[in-house]
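Read through the structures below before going on.
Each of the next two complexes has chain A plus one other chain: chain B in the first, chain C in the second.
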Partner chain A sequence: MDVTIIGAWVATGLTLFIFSFLYKDNPLFKLAENLYVGVSVGYTIVKTYDTVIVYLIWKPIVENQEWTLLIPVAIGLLMLTRYVPKAAWLSRYAFAFIVGVGAGLAIPRTVSSFILKQIEDTVRPLLVLVPGDGVTFSWNLMNPASSVNVIIVLIGVSSVLFYFFFSVEHSGPGKAVARMGVLFLMIAFGAAFGYTVMARMSLLIGRLTDLIEYSDPAYGRPTLWLALVTIGTLIALSRRSRSEPPDSH
Partner chain B sequence: MLKKSANCVPCLRRSASRRQVALKASSTYPRGYASALHSLRPCWMVFLNILMLIVVCGVSSAIVLAEDQLVAPTNLQAFDTPNDGGESLTVNWAPSPLDSPDARYQVLLGDAGAIDAASLKVIAEFPAQTRLVKDLKGPWWTKTAERNWHQFVIRNGKGVELKDGTAYTVTVAVLKGEERTVGPLLRATPAPNWFNWNSVNNLVLTLLFGGVVFYSIAQAKRREIFLRRIPGLDAVDEAIGRATELGKPILYLTGAHDMHDPSTIAAAVILGRVAKRTAAYETELLVPHRDPITMAVCQEITKQAYLEAGKPDLFKEDSNFFITSDQFSYTAAVDGIMLRKKPAANFFMGSYFAEALLLTETGASTGAIQIAGTDSDHQLPFFVTTCDYTLIGEELYAASAYLSREPVQLGTLRGQDIGKALILSVIGIGVLLATLGVVTQAAWPQYFLDFFKDVK
Partner chain C sequence: MIFLRRQMPLLITMITGLIFAAQYYVPHPASEQLLTSATKWLQIIGGFALVLGVTSLFHVHAAKIRRKEAGWGYSVVLYAGMLGTMAVGWWANGKESVEGVSTAFGWVYNFMMVPLQGTMFAILAFFIASAAYRSFRARSREAAVLLIAAVIVMMGRVPLGEYLVPISGDISQWILNVLNASVRRAILIGVSLGAVALSFKIIFGVERSYLGGGKE
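Up next is the complex of A and B:
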């Protein structure tokens, strides 16, 4: 049998089994779930062995004599000491190294891109100099650099920043500013929600397009047959659970 | 050179016509006057005219040469790019009066042994008025040339492969029309640097901020620091209490990233607080992981929490367990756990991607109380709509201090607030200066803004 046809049957079956979760938890979903987890773990192990053990450790050390790599290897091996109770404390050095390096790398990057860059983009003149017209206040909402947009961004950034003050009570004028911050956050979340939902819809359309394609006789109509199998199984399971006495626990 | 020869032709023609005018003018003299001279006149006049022609032609050619002759880039410097990780060279050269829109520069690179420019490879060509030091990113304290000088950084890429410790020959050529003049051949060797002085501002800001935090911690040890109410964190105790009453487990997720991400570190710290409460209430804790190192760290944190709670015997090594690092198979497995184990409380802390809604929607369908905390701004809307409480952005980082009320953590939080106040002040002053610059059309506000840009 053609490999493409086998692939079509497997893909259709697993898609429908996963979709069966929309009804309720069932053995078909469990089958797909366990298969999915098992395959991904197997793939990860092989990929890690190939990219880390072979290409990052074995080849550079054995073939290129890069002996300095033994230091990270030793730190990595310290993690395995967790399985030896008397030497388990050694693994903490490895964790401390990882967390320390992680924080050391992340903090400057975060400060630079999320704080300082944000400040730079917020600092804009409230008025614009138009050649011929002189200094004016621009009301054009479609222009990100217009005066009105600069003021909106300035109010938004300042109020949201104030909302994240934890050691100041949000009362009186502070409460109004914090409320304004929450309002800006919710507008941003709404926009992000709509944007992401549209992206998810395109993913769903992709799966449905595959199911439609695999209903073709050239593949042996796997969508049709496996949909019948899935629905039949769910009906059978539902009837069986109804006939069984309720759990006494 | 062809151009210059061609320029000489009209020069000759102009001289010839001038000579004809001079000859015509000479015929106006009275006939009998200085007849001897008259007999000699055609000879020496012709000689003088030829002499004049040579002089005029020579001078004009010299002027044309001075205007058009290309001069090789002056003060050319090639050296290892400072403050980088290696495999890069920098070339600087002084601006030239010939830097016009129709002139171009070429950067040439070759092996160290190259002695002829013809053997070098052209790796970049650009208009002569571009690639100025002032247009390049980088603070003023690491600039290697004047603002109006040219600078080109050679990096590994298409057709260029620099190796640290290997010397290379570098030069710059200038082109105008058909002409091309090559500068002197220079040698330079790329090498990595231990320090990146471009980022010294980060160090200064970090030290400054660190000082503020230490001061705040000292203050927090002396007097109580106010913390505003965070509803999502108040609900943590409620969720654990509910799980205890129902006799159901608590599910805690640490997100998609590894321990390099601050949100995962924050999630692991909060896990310690939650684990301490679950140990005290003797409630089951389930922590499925996507990253093995995060799992190992969380195992240690959980163990420590049970120890601090005085219940080390209740600690289970497999309460933290690894599922898979694949995004959606992990999601499918956690969804399965939610449906089968039916935890009474679900915590989603850390960084999340497309799996966020799949997880929280399933959790909501089981009737669990759900508390999320993330700085993944694209997933926050999904958490807000499907969870009972959501810690937005920095609230996740404040959670640990809020839950523990330890002076060190409270002081850190206070220090962060002072940092935020500083940021607000900088924004306010910056906007004021920028607006003043536009209104007064003065240059001085821009100097301050440029200074700030470099310092940031």
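Up next is the complex of A and C:
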């Protein structure tokens, strides 16, 4: 049998098993869920082995004699001392190195890219000099760089930052600014929610498209047969759980 | 011994932290080389961190199987999936396809990982919708604003929405590019200030919880 056809049956079965959770938690879903964890971990191990052990350690050392790479290997091995209680403290050296490098790298880059750059993009000129037209104020809402949008962004950033600034009591004019910040936050949360829902819908459409494709006779109609098997199993499980006496614990 | 167990890790953090913070301000090839090497070193050390995580997973499920705890059969499935994927992965030298032809590892990726991952995230659409139905009532002005923004963005991202309300696409884009961007920017500035402060605390040994507890 063609491996693609076997693949179509496996993919359809696993998809339907996970969709069965929409009815309720059941053994078919748990089977697919645990298989998902197992396959994902196995995949990550293989990829990490290929990238780290083969391409970052073995080949550079054997082919290019980059012996300095033995230092990170030694630091990495120190992590595994956590399994030896008497030597577990040695793993602190590995964590200290990682955290130290991470903190050191983060400071200048965060200040430059995420603080100064963001402030620079927020505080922009309101008026633009257009050759021929002179100084203009752009009202085009659809252009994120227009003057009116620059003002809106400035108000949004300032009010949201003020809302999270608790060293000053939010009263009087400050209360109005904080409330403006809340409104901006609510719009952003709503937008993020809508965007996430649509992204999930896109995934759902992708899975349903596959199910429709695999209902084709060329694949042996796995969608149809496995949907019947899944529904039949759910009915059987439901009847069995009803006939069993309730757990006394 | 106390020095080696307590002070030495803090010293390593401080020295490496200061070196790599200073590296950014040194425009020299040696400085660039240091950054490249450090990035590679972190990747290598990260690979060993994966060993810690995987062995922990192995222990948890091995104990479940050994004690025949409820649902131990699922742990067997997890083991089978993990070991099976590792076996075909190494057999295929970690490659999903060779000269355009899918390997056994590629088959596992295309017909097991992709459907499982896609469906797992897709069913969240139903749960998000059900959560929204329960909690998205316009009880206050703020909740109403959130609801309206969500509806506009959702309508603006599907052809039907644009067909029913032609301007919804433009409004959706404006919300995402201007209003949403301004809030994200403010949050990013706040989070970054916190991250910089935390990094300084780590480098100077004020924050040391990452070293864990246990015996000194």
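By our rule, the second predicted complex is superposed on the first by the 221 of 249 C-alpha atoms of A that agree within 3 Å, B and C clash if a C-alpha of one lies under 4 Å from a C-alpha of the other, contacts with A are read in each partner's own complex, and residues count from 1 in each chain.
What we mean here is this: contacts are C-beta pairs under 8 Å (C-beta built on N, C-alpha and C of every residue); 3 or more make two chains touch, one makes a residue touch a chain.
Owing to the predicted nature of the structure, the values given are computational and were not obtained by experimental measurement.
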After the chain A overlay, clash or fit between chain B and chain C? clash
Should A:192 be classified as contacting the first partner (chain B), the second (chain C), both, or neither? both
Could you tell me if A:8 is touching chain B, chain C, both of them or neither one (first, second, both, neither)? second
Name the chain, either chain B or chain C, that contacts more residues of chain A. C
Partner chain in contact with A:129 - chain B first, chain C second, else both or neither: first
Which superposed partner A:120 touches (first chain B, second chain C, both, neither): first
Of the partners chain B and chain C, which touch A:25 in the superposed model: first, second, both, neither? first
Once the shared chain is lined up, is A:62 touching chain B (first), chain C (second), both, or neither of them? neither
Name the contact category of A:169: first (chain B only), second (chain C only), both, or neither. first
Please indicate which partner A:156 is in contact with in the superposed arrangement: first for chain B, second for chain C, both, or neither. second
Considering only the contact definition stated at the top, list the common interface residues of chain A for chain B and chain C. 18, 21, 30, 32-33, 36-37, 39-41, 43-44, 79, 82, 91-92, 95, 98-99, 101-103, 105-108, 110-112, 115, 119, 122, 154, 157-158, 161, 164, 185, 188-190, 192-193, 195-196, 200
For the complex, which residues does chain A have touching chain B? 18, 21, 25, 29-30, 32-33, 36-37, 39-41, 43-44, 79, 82, 91-92, 95, 98-99, 101-103, 105-108, 110-112, 115-116, 119-120, 122-129, 135, 150, 154, 157-158, 161-162, 164-170, 185, 188-190, 192-193, 195-196, 200
Chain A-touching residues of chain C, taken from the complex the two chains share: 4-5, 8-10, 12-25, 35, 37-38, 40-52, 54-55, 57, 71, 74-75, 77-86, 89-90, 93-94, 102, 105, 107-126, 128-129, 132, 142-143, 145-154, 157-158, 170, 172-193, 195-196, 198-200, 202-203, 210-212, 214-215
Where on chain B is chain A touching in the complex? 199, 202, 205-206, 225-228, 230, 258-262, 265, 293, 296-297, 299-300, 323-326, 328-330, 332-333, 335-336, 339-340, 354, 357, 377-378, 380-382, 384-385, 392-395, 398, 401-402, 413-414, 416-417, 420-421, 423-424, 426-428, 430-431, 434-435, 437-439, 441, 449, 452-453, 456
Where on chain A is chain C touching in the complex? 3, 6-8, 10-12, 14-15, 18-19, 21-22, 30-54, 56-57, 68-69, 71-73, 75-77, 79-80, 82-83, 88-89, 91-112, 114-115, 118-119, 121-122, 141-142, 144, 149, 152-158, 160-161, 164, 181-198, 200-201, 203-204, 206-207, 210
